[in-house]
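Naming follows writing order (A, B, C, D, E and F), and every chain is counted from residue 1.
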Amino acid sequence: MLVEYGNTRVMCTASVVTGVPRWRRGSGEGWVTAEYSMLPRATNTRGDREAVRGKIGGRTHEISRLIGRALRSCVDFKALGENTITIDCDVLQADGGTRTAAITGGYIALQDAVTWLTDKKLARKPDKILTRSVSAVSVGVVKGQPLLDLCYEEDSKADVDMNVVCTGDGDFVEVQGTGEQTVFDRATLDAMLDLAAKGCKELTGLQVRALLTK
Amino acid sequence: MLVEYGNTRVMCTASVVTGVPRWRRGSGEGWVTAEYSMLPRATNTRGDREAVRGKIGGRTHEISRLIGRALRSCVDFKALGENTITIDCDVLQADGGTRTAAITGGYIALQDAVTWLTDKKLARKPDKILTRSVSAVSVGVVKGQPLLDLCYEEDSKADVDMNVVCTGDGDFVEVQGTGEQTVFDRATLDAMLDLAAKGCKELTGLQVRALLTK
Amino acid sequence: MLVEYGNTRVMCTASVVTGVPRWRRGSGEGWVTAEYSMLPRATNTRGDREAVRGKIGGRTHEISRLIGRALRSCVDFKALGENTITIDCDVLQADGGTRTAAITGGYIALQDAVTWLTDKKLARKPDKILTRSVSAVSVGVVKGQPLLDLCYEEDSKADVDMNVVCTGDGDFVEVQGTGEQTVFDRATLDAMLDLAAKGCKELTGLQVRALLTK
Amino acid sequence: MLVEYGNTRVMCTASVVTGVPRWRRGSGEGWVTAEYSMLPRATNTRGDREAVRGKIGGRTHEISRLIGRALRSCVDFKALGENTITIDCDVLQADGGTRTAAITGGYIALQDAVTWLTDKKLARKPDKILTRSVSAVSVGVVKGQPLLDLCYEEDSKADVDMNVVCTGDGDFVEVQGTGEQTVFDRATLDAMLDLAAKGCKELTGLQVRALLTK
Amino acid sequence: MLVEYGNTRVMCTASVVTGVPRWRRGSGEGWVTAEYSMLPRATNTRGDREAVRGKIGGRTHEISRLIGRALRSCVDFKALGENTITIDCDVLQADGGTRTAAITGGYIALQDAVTWLTDKKLARKPDKILTRSVSAVSVGVVKGQPLLDLCYEEDSKADVDMNVVCTGDGDFVEVQGTGEQTVFDRATLDAMLDLAAKGCKELTGLQVRALLTK
Amino acid sequence: MLVEYGNTRVMCTASVVTGVPRWRRGSGEGWVTAEYSMLPRATNTRGDREAVRGKIGGRTHEISRLIGRALRSCVDFKALGENTITIDCDVLQADGGTRTAAITGGYIALQDAVTWLTDKKLARKPDKILTRSVSAVSVGVVKGQPLLDLCYEEDSKADVDMNVVCTGDGDFVEVQGTGEQTVFDRATLDAMLDLAAKGCKELTGLQVRALLTK
């Protein structure tokens, strides 16, 4: 499936294989992992392919791990049984917020995988696999003003940049805020968290609609 | 210098070279970067050396980047001039909280580098380089109770794990909280932030004392 | 731009940078290169990312080189001047014939790059850069019968597999035919070449139309 | 064994191991693979070792794959049984046509391996393993004239370069012709194919004699 | 444990795992291996981390192999049984003689591992594992004069550099002497060997005392 | 040139380039380096290519460094001027003593390079470049008996293995003796050194004759 957040376009696909990584074998529990990547021309200036450079950059690693953690928070691994779901998030076009778009779209792809496992009768308790939904937004502070879902141009001017992953019930899964060269006080942090929670709530609504129309 | 947080021991060293990475040349501004690494036997079971495996793992990358961002938030790069400071954080013994110990100790090493630059008259405006101090703590929720600076055993039982970097003035530089398989509500998040701010304040006091006794 | 050959979908993008690789500097001539890659889920079973494995596979290398050669055959490097055009061909969905789709679509992307260079007045003689057009088809022999543009299922049953790159004028740029475990006689080879030439002629017509409708 | 084509000298050696690659286990069928490499000083100017650069270049990969495909076309894998034959082709001195010399000499090495398997009674049906012979030549067009087996100096002046692999019976196994910056019409292609078929026929004669004199 | 030779400080740690490398399985015999590494700031100017460069340098490899050979000379592998002992030698501060300090300290760490195996009753014949002790010194010739244990400054001026590993009984395990740009005659070689044997004897005394005081 | 020591055959070639590695530029001095490699089928069982494994093994590194040091001991770098000589030693067939054969043959290749530099008038003082000659032998102790130049079968039974590099005047350049699992006393060491010195003297005679017959 293709998620669009403004001009950002991320392709999210789920793949299921029977079996789990070596360290988890025999546990009766499944696993969910994610891989994030950008096409070289997703941004305005072409970046080198990581396959050509021969290694995954730090930023790519970090984002893949974030997406994986966020999606694993929705899953009951015993119900999944010893199956592995890989969510690929490939950014075709990038204009800010690619990691949060990948989480929100990755959840839809995760649902697809669960539907497929249910149809094929491959999971232990298919209807118990998903315990909650997740969505994610980025929030920034531009000229002292908290703003939701910055595009690239706003993002590069933001003083503070925060990514927030919430469940459909409004709880937090992950909060990552950084000032890099500036700092922020508690009041600003609180305002950003309020805004993020509200944004995630709206996305949850959109996710529900997207799943219904399938 | 050697930082100790309980049984965790991290060696933090600063190295200064004249010049900056290629992408920053000619800007008149300096750079600060950090490298984090664990000795293979820092933990209870020996891990493979990353040099032997031929690549840096995702976790190491992520932590090195976090430490770098935190320390850069203290520095006025124009005052530093075109010099690069590298902070090496090598974990000799690990018992939880290695990344936050590395940030707190890395700041002391950063001060050492600034003193050296001042003595050698190599920086543009040596007394303006450091604009603030930073320290960091980890906070967790164990059995519903927010706790400061978990040791490894507590950490592995924690439901939520949060790393917070604060300035000496009590502002936030970075907030990273993750539930992985559980989630947390706003009240818990607020309690963790309060506890973290208090912990960082105490560390700031210890840093001031450490620098005075040199 | 997105090329579709049946169910095969390849995204072809051109990027232009001023300057040429080191070995060509000072020659006054430009360069054209291509990079081919498949998304991990382009095929029916998920393949590992080459960036994760840390090296480009032999097949990817070979196809990137083929596309590069084909596209360079259209270009007058002196007219281009010391500019480098990189054509990225990313396979979003694969169902046979990805390399020939990449060449045919890559030519359109190459035209885009030339138009951009013309607008920006960056090339030496913009109207002389493209000396001809290219398109490519695959031909196979299935049960003794030469067939054009095999889909994946036919391809895996083919006895002989041939990729042919032709110019808009009907000349040959590259001919690659392989029997792997079977062999083919001269009459079969001639029949495949006839069919390929006819297929490329049709594609040239489609390319002209695609460029006119922009 | 050492093959010489003019000043080109290639050492071709066969190694046999019991067992096959993982993806072929249990099939009852064997496998044949080839590895091509140039000594750093095979050419007139020293090239870097690929082991030092840490990766196999695209050209080396492509040639190794070509040699492997050509030699596999001679083999009945069921008759071979689950054995793997590796043909190493190491270029000691290069003066054009190294890949075709490697195929022609590789076939002799393949015969040696089959003889060894027969003696050791390790194959299923040793006398059925080889179903045909192969040899290969390169053909070029220099100043409009098709020529066989170009040396390096001629090769670098050739407008078109074609490698052709034929069986002892005169059928085609692989045809690879490329114009890179020039193109060629059907008549030229036909003339090159005629010349190649004739050249391979002569080589087949030489191979037979080489095997008889052992 | 931490060994100090003048200003050189090396951390030597032993790790024991049940089982042996693949090539030794089923032999009933154990294995001992060593890994040597320098922290980036162990020397006066910061060196790059090998993990960052993505490969182990030649010097590191060579020293790790030397330490491993020296320590294996003390061990009866049948008495050890199928266990693997890894000795990590991490240089925290380097001022000449790091490899010989690593061997001398590594022997103490090896003893610790044997004590641990004895306590856990994991070895076949714990009291027979260690058949002898080893220690090592470096000897150099500075201005024609053989000297023991050169510090970095002396080392860089030495004409000849020799590393000698001896047993507690005064026999030789390894002798490595190199003149690089100068050469040495037999008389000088004999003088260096005498001095080295004497130095190792003293170290054996210190090792015995270190083990007694534990 | 091809050196043969019994069944061991090593191809030694010198390549000269103008210029020196970065760290030596502007010094007015040249550099000599060596690269050692084995063809995969040089030994009785085929080894993996290091280029395929993507890294140079520890043994290869160690031997390349040894050959480089030995050959550099013959050279006056100021007389050479800022030129780099690379000696490639490729083992075509291995039956013990490959590294010492490489040094002895490498010296002849080094002489070739010096002759070439003299002819082309590219060196500063061509007749002063070579200050001495080197040759090398391996000595072992088999069943208590010191023996010169062990073949592979003897080598694998040897208790002690020593490589000695001597100058044409009988001085030592490098001495490397190792017992691995056994140890050796001073008398044995002395006997091996005597034997090695005698062996090197004979090789020096052969080198002189080889150079005269060119």
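Here is the rule we go by: contacts are C-beta pairs under 8 Å (C-beta built on N, C-alpha and C of every residue); 3 or more make two chains touch, one makes a residue touch a chain.
Keep in mind it's a predicted model, so treat the numbers as computed, not measured.
The greatest centre-to-centre gap from subunit B, using C-alpha centroids, is found for D. Each chain gets a centre from the mean of its Cα atoms; the one farthest from the centre of subunit A is F. On residue numbers, the D-F interface is repeated by A-C, which shares over half of its contact pairs, out of the options C-D, A-C or A-B. Between subunit A and subunit F, the centres computed from C-alpha atoms are 58 Å apart. If you average the CA atoms of subunit D and of subunit E, the two centres end up 49 Å from each other. Shared contact sites, meaning residues of subunit D that touch two or more other chains, fall at 54-56. Chain order round the ring, anchored at subunit E and oriented towards subunit F, is E, F, D, C, A, B. Residues of subunit A touching subunit C in their complex: 11, 13, 15, 17, 35, 37, 39-41, 45-46, 49-52, 54-56, 60, 86, 88, 90, 92. Across the complex, subunit D is touched by residues 55-56, 58, 61-62, 64-65, 69, 72-73, 132, 162, 167, 170-186, 189, 193, 197 of subunit C.
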